[in-house]
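Going in written order, the chains are labelled A, B, C and D, and every chain counts its residues from 1.
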Amino acid sequence: MRLEPEKLAEIEALRAHQQPTRRATVPALEEILGLPLPVLDHGFVRVIDYMGDDAAIVQAARVSYGKGTKKPSSDRALIRYLMRHRHTSPFEMCEIKFHIKLPIFVARQWIRHRTANVNEYSARYSILDREFYLPDREFLQLFRIERKGPGPEQARLFDLPEPEVQATAAQSTTNKQGREGTLAAEVAAEVIRRMKRAAETDFTLYERLLGEGGEGVEGYGIARELARLVLPLSTYTQWYWKIDLHNLLHFLELRADPHAQAEIRAYAQVILDVVRRWVPLAYEAFEDYRRKAFTLSGPAREAVRRALRGEAVDPEALGLSRREWEELRAALPELATAERAPPRSQEP
Amino acid sequence: MRLEPEKLAEIEALRAHQQPTRRATVPALEEILGLPLPVLDHGFVRVIDYMGDDAAIVQAARVSYGKGTKKPSSDRALIRYLMRHRHTSPFEMCEIKFHIKLPIFVARQWIRHRTANVNEYSARYSILDREFYLPDREFLQLFRIERKGPGPEQARLFDLPEPEVQATAAQSTTNKQGREGTLAAEVAAEVIRRMKRAAETDFTLYERLLGEGGEGVEGYGIARELARLVLPLSTYTQWYWKIDLHNLLHFLELRADPHAQAEIRAYAQVILDVVRRWVPLAYEAFEDYRRKAFTLSGPAREAVRRALRGEAVDPEALGLSRREWEELRAALPELATAERAPPRSQEP
Amino acid sequence: MRLEPEKLAEIEALRAHQQPTRRATVPALEEILGLPLPVLDHGFVRVIDYMGDDAAIVQAARVSYGKGTKKPSSDRALIRYLMRHRHTSPFEMCEIKFHIKLPIFVARQWIRHRTANVNEYSARYSILDREFYLPDREFLQLFRIERKGPGPEQARLFDLPEPEVQATAAQSTTNKQGREGTLAAEVAAEVIRRMKRAAETDFTLYERLLGEGGEGVEGYGIARELARLVLPLSTYTQWYWKIDLHNLLHFLELRADPHAQAEIRAYAQVILDVVRRWVPLAYEAFEDYRRKAFTLSGPAREAVRRALRGEAVDPEALGLSRREWEELRAALPELATAERAPPRSQEP
Amino acid sequence: MRLEPEKLAEIEALRAHQQPTRRATVPALEEILGLPLPVLDHGFVRVIDYMGDDAAIVQAARVSYGKGTKKPSSDRALIRYLMRHRHTSPFEMCEIKFHIKLPIFVARQWIRHRTANVNEYSARYSILDREFYLPDREFLQLFRIERKGPGPEQARLFDLPEPEVQATAAQSTTNKQGREGTLAAEVAAEVIRRMKRAAETDFTLYERLLGEGGEGVEGYGIARELARLVLPLSTYTQWYWKIDLHNLLHFLELRADPHAQAEIRAYAQVILDVVRRWVPLAYEAFEDYRRKAFTLSGPAREAVRRALRGEAVDPEALGLSRREWEELRAALPELATAERAPPRSQEP
């Protein structure tokens, strides 16, 4: 990420200005206020403003006249209690505002979180900068192997064609494995070259559509709102985004999860660090009761109880699907030894 | 409104603490931060925190890197443009948090505004103070005459029984008018005495239901969540309430309106003053484009056009109901002269 | 619950009218459409309308052109997959509308669920019926013993005075237990008599405040919006309430939970039965993945893993509070045997 | 718009199935239920389901036991009253669900309306069809002349560079006007050819990135979620979209407005027709009180009052900007004659 000098100057001017306030203030967050925290190749996350801190959660939960805090240990205990029992309203009493630069395909996932305020840079009235996202090479290789489409379970459930690649991937494990590794680097480089060339061609057309033309210069003078539709989904946009802490944590729970697309996860990771600076007690409770937590369904609970009693567990008989059982074993690896060996049909 | 000394001490401790911040700060709002602004007999409004100022609206509308403002005159023009064209998202970028003490029947109207965050004092776990709202005398007299129930139009539309009082009120305009005035004061005093006695009886029962009893002392040891249900709707509750500026203005448009019940209007008036301190440019635009504005329906527009052409206007022929025409004439009193005299049926 | 003959006639007229439709239709729900399902002493829940069924969830998840379903078994699997992975948007594609009659103190808890549409009967314009809620005797006895206020943990965390009753309750376990049982029935009856008398007194005042008075009849002609504030929180109100299935399940998860107040839980139970009729597959998934589920926090997961390995578990060392450990043992009773005996300090 | 035979068959199967229901039913809407109503070159709007009708608005407003309607004329009057006084909650009691196919750049504007439920076709797991939007020729010509970017007022307020085309446009009015007309058609054709070629190139790359490759066939086996980012913003997507009537009318007020981009307006027009079929009384009230309405600001009201009194109006002295005055004159053309002639400075 590189910013033009005049934008950097604007940011510096903003940061240089300090004023006294009676409001809850978080020095660790003030430190980075306004600074662009880089994400992906051209994106960033900037904290523009915030309201509240850990003590403000406590203050609201107690409907206090003053700060609401008693001693740090009891504040921590209350915040953990609220997080554990999903008493969400005190967390809604903190608010944060970001300026974010992100590719359009990421923005499209992001905007699905409706409980937030958004002001996006308008490509109807403004001209977009020539900036687009390109995945880096290692990243692309990773994806080539792991995530080409829906898993077989999803394909079946959602009625999607199962990706043929599954078969191919199986093949490659046998004889092409070695070559695949080295080949992949070249292929990745080639893919990135092609993506880059395509985006540049699109942007050149965009600029021509917008251009006025003139002697020897091609230009069509098309409206901005129409010219933009030749731009790729990798084009960067930017917006102001404001959200309360409860809804932000929900966003992070979904978007910092390994199932989220890697690009939006990169943003979620940066925002997780911001949250840790801002409300360290709420952050710690969020880690313990959400991010590291695992929910046992009714049948899964039954499976765990049997294993604790030393009994063998037959996942299918309990109504657990193959994938549910795998997820449960990933969360509690000790369960593996409890699994009942499937009956061998060839036995006498 | 009277606060216990320990609550005042908590508020003072909160206000005494100042810290430097890089965030947008509004000195005129800092002045009253945390102070209880009295409303009704025991209620208050306290500003606990805020995010943003007039410049923050501009900053979001321009998706700026810095403060976003250029010169005051152009900021004002942009804010007015946004308000006029109902570009609401930049106003959502400001947020404010209140601590409010209010009677339950007011809280029930208030909570209908769903786009806000609320933390209410819990009467399941806590014991409510012996505080209830009593209307004052002049106020009650006013209401005795003016607003006893639905207007005849509402009664007809919603299928409600028309209040008999309408007839009585008509009577009183003729012969009892004078006496009514003096009588009303006594009646109002009597009504307030009765309301007070009833509320005190209810609170006494509440305390007995909660009490443990003991030697010679009556007490039933009932759960708080059940004991409370003998309390009247005039009982005071309190909550933390957080909302963005756009939704706050919408709340104020409805609740500071003469059609709103006087008690919630009293809160809206105090909050209007807070908004004027906080975002004076947005406040001015709100006054011009919302509070002083009047919306001409299609038929009303036609009526105004005819009047401007010097033609006579027949409201009924244009599809305007009697009440619509009255409201239009109240907004544009000059229309009265344009109204076509109703045809006199006795003419030859 | 008893309805006036003209209301029953209106309901019958509504139910008698059938029309053909191309929309998703659920015969089991049509059966009870419009019928008042009784709750508490005067309350009810009536299903007024609904949109969608189990197949509509599948249809939206697959963004189908037709019904979207393939065969029942795969629909069930997809719905369970969506519920398990908290893919909430397909459940939002079903909607239901209720007419509900409920006491005001229940309505105040209910309205905290903001993602719903509400139309409440107006006590500003209409006169409320003389109907109020009285808990029944067994119920009150139960509460006298179990839930007099916050638990000791809540009192400590929220900075509330611990209810004295805790001490009393401890006493009663020793010597007064027997008497308590029989006494309680009398006390409960006495409490209900008092609540009833108080509510009747309040309603009588309400009617006088509203009344016009006349020869020998007391009456003050006060506005409806003001007269109502002498009414108790047990007064019945009614509203139309419309919500999507995802948000309804969230409501039920919280309000059918044993921690919810018994009165709102009574409504949640009736609505659970409605949901089972309406979307049986979603209901079953909701039971397995929400209602019977238990979430293991990070530390709790560690405790379970140790127990599965046959190791002793020291909850405190893992950072589990006493109450967390109790809840965990309640969910997985087999853990009790794994708990490390607390070190005996008197040991040599 | 052309649909594959199997999709048409699915739609036919859906439509063929009718069942009796006790719910509010609208025959005029049943007629088109499930049918794809074409929009733009490949898009459509399909009504999938609906809840409520005009009578349901009345029923909720009256919190009725039965249908709630009395006679058609009073229902109409109540609906108009509710619309006029912005009593929005009864309109929220109707709900509608659509299946919509639309270009991504339109979807990005659409999704800004947050009070709706959405299920979008996933390009992470599925492969997008080779379908993209191309504006038609007349349309493009229109835009070339009229809307190349922000107006001068917007440019100034939002701190945007004023589009140079403004000057050019001025030029063309003098000497190139005639040629411009004929030239424009050729230019438009050329622009569309270029847009088409670019989109096809992008789609070909997309397919190669996804492809497995093989003997003589290029293919890179890239993950779907990454391959898609080379696609243009003109690519078609589709979603299920569900919204209540109040929020739908708000969407239509903004998106059927001449200031909206023509492409989203095309969808809004089709949906307006759907609303007219569904709730004709609410539609009529919406036309009169929203679409044909004009809001007079405080200063504008003063201007109208002066004109009605026959006085000259000086917009600037009243605080009306040039553009506000123009909009006011467009709404009330008779005002033009009232405008005070600007003082001529060259006068003696």
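Keep in mind that, in the parts below, a contact is a pair of C-beta atoms (placed from the backbone, for glycine too) under 8 Å apart; a residue touches a chain by one contact, two chains touch by 3 or more.
This one's a predicted model, so the numbers in the text were calculated from it and none came from an experiment.
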item: Least step count from chain A to chain C, where 1 means the two chains touch; value: 1
item: Homomeric contact chain C-chain D: same or different residue positions, threshold half; value: same
item: Taking each chain's C-alpha mean as its centre, the one farthest from chain D; value: C
item: Gap in Å, rounded to a whole number, between the CA centres of chain D and chain A; value: 31
item: Mean-CA-position distance for chain B and chain A (Å); value: 41
item: Between chain D and chain B, distance of the C-alpha-averaged centres to the nearest whole Å; value: 34
item: Residue numbers of chain B (touch at least two other chains); value: 61, 118, 154, 158
item: For the chain A and chain C complex, residues of the former touching the latter; value: 61-62, 70, 74, 77-78, 80-81, 84-85, 153, 156-159, 287-289, 291-301, 304-305, 307-309, 319, 321, 324, 331-335, 338
item: Residue numbers on chain A that touch chain B, as the complex places them; value: 3, 7, 9-11, 13-15, 17-25, 27, 30, 33-34, 48-52, 56, 59-61, 63-67, 89-90, 92-93, 95, 97, 99, 117-121, 238-240, 242, 244
item: Parts of chain A lying in touch with chain D, wherever the complex brings them together; value: 103-105, 107-108, 111-112, 114-115, 118, 124-127, 133, 135, 140, 143-144, 146-150, 154, 158, 160, 164-165, 168, 187, 190-191, 194-195, 198-199, 201-202, 205, 208-209, 212, 220-226, 228-235, 261
